[in-house]
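One structure below.
By written order: A, B, C, D and E. Residues from 1 in each chain.
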Amino acid sequence: MVIGKVVSRVISTRKYDTLQGYKLLVIEPLNGDTKEVFVAADTIGAGEGEIVLVSFGSAVQHALHQQAPIDAIVVGIVDQEPTMPK
Amino acid sequence: MVIGKVVSRVISTRKYDTLQGYKLLVIEPLNGDTKEVFVAADTIGAGEGEIVLVSFGSAVQHALHQQAPIDAIVVGIVDQEPTMPK
Amino acid sequence: MVIGKVVSRVISTRKYDTLQGYKLLVIEPLNGDTKEVFVAADTIGAGEGEIVLVSFGSAVQHALHQQAPIDAIVVGIVDQEPTMPK
Amino acid sequence: MVIGKVVSRVISTRKYDTLQGYKLLVIEPLNGDTKEVFVAADTIGAGEGEIVLVSFGSAVQHALHQQAPIDAIVVGIVDQEPTMPK
Amino acid sequence: MVIGKVVSRVISTRKYDTLQGYKLLVIEPLNGDTKEVFVAADTIGAGEGEIVLVSFGSAVQHALHQQAPIDAIVVGIVDQEPTMPK
């Protein structure tokens, strides 16, 4: 999983039906040197600026009510940014 | 998922039968420093220059009518390029 | 799999129910140039500073009692940091 | 998927039985800055110097007659190198 | 798949039971610029300094007798280091 900060929201009108009902968040990972921004679905209600925990890959389906072409999902909101290596 | 811009189209005459009927798009990710271009299948009708949302991995199969060796698919067309971190 | 050092712990109050009961550890990989910190679930009891072996992706589910949106898990504690290439 | 050029062939005498019958090709991706060479199985008959489309991950199994520990496969031969971003 | 050189062995006394019986090898990829060392399970009997072919992800399970949280496995020993791009 990756810890990241919610940056903004993606609005997409033309999309797969199975993506309806998910917020799609732009997330900046807090994992060191790189800043490879990605998009994750959210059902928890994470807001901009919040620090979240995101899961990727096939594990995502275990967080969905119905299978969908989603490969990243917010699985938790982090209480406090943890200690990171220097 | 990744936000990217459609750059061009890949034409492949000799390919697996299960890839027939998909447009294969060259996509440039809009995710920060790197510019790791990739190819995604498309059934929504994304055109060159459009900003799209792409899913990867096993999640892709949930967007297909029939299982196929496809590991990236356009799942939405983004209305407007979202705010990205500076 | 990746060898890494346990750096700290992530506390998340608002999270998926299926993540309850796992320690969530910030891990710094010991794999060369990059320092792409990630978060892995732990059931073995790895402590801060310990060197651990982490598995990713769909293989993680084979270490869980119940399917969960977890994509990285500590699968072993390494007795001694192995020889790495110079 | 990734577009790449076939560089050479890997010969492995001691390998899993389920890998018998596949050509194993060294492929150089044509995706921008990095040149992370990888190995993909091939059943289409791609030759050295040809430009191919390669799929990765669990999608690969949908191109095999029998499940095998193969994580990358040539799914098409590209007619002409597509336009890439500058 | 990735071609790599076996560097050393990882010893882990406290680990998941389903990892018993596998050698765990530190492998240095031979794929270009980066040197992202990883750990792969081995059942073929690869020794230090040998050049091996490694598969990742869900494909690994097709090389195991029993499902296990293993995400990388040696699938072949390479007879001779293949030609790589300059």
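Note that in this section contacts are C-beta pairs under 8 Å (C-beta built on N, C-alpha and C of every residue); 3 or more make two chains touch, one makes a residue touch a chain.
As the structure is a computational prediction, the values presented were derived from the model and not from experiment.
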Between subunit B and subunit C, the fewest steps along chains that touch one another: 2
Subunit E and subunit A - chains in contact with each: C
Length of the line joining the C-alpha centres of subunit A and subunit D, rounded to whole Å: 31
Geometric centre distance via CA averages, subunit E-subunit D, whole Å: 19
Subunit E: positions in contact with at least two other chains: 34, 56-58, 60
Pairwise touch network: line, ring, star, complete, or other: ring
Cyclic ordering of chains (reference subunit B, direction subunit D): B, D, E, C, A
Subunit C - residues contacting subunit E, complex: 1-3, 31-34, 44, 53, 55-60, 62-63, 73, 75-80, 82-85
Residues of subunit D touching subunit E in the complex: 7-16, 18-19, 24, 26, 28, 34-41, 56-58, 60-61, 67-72
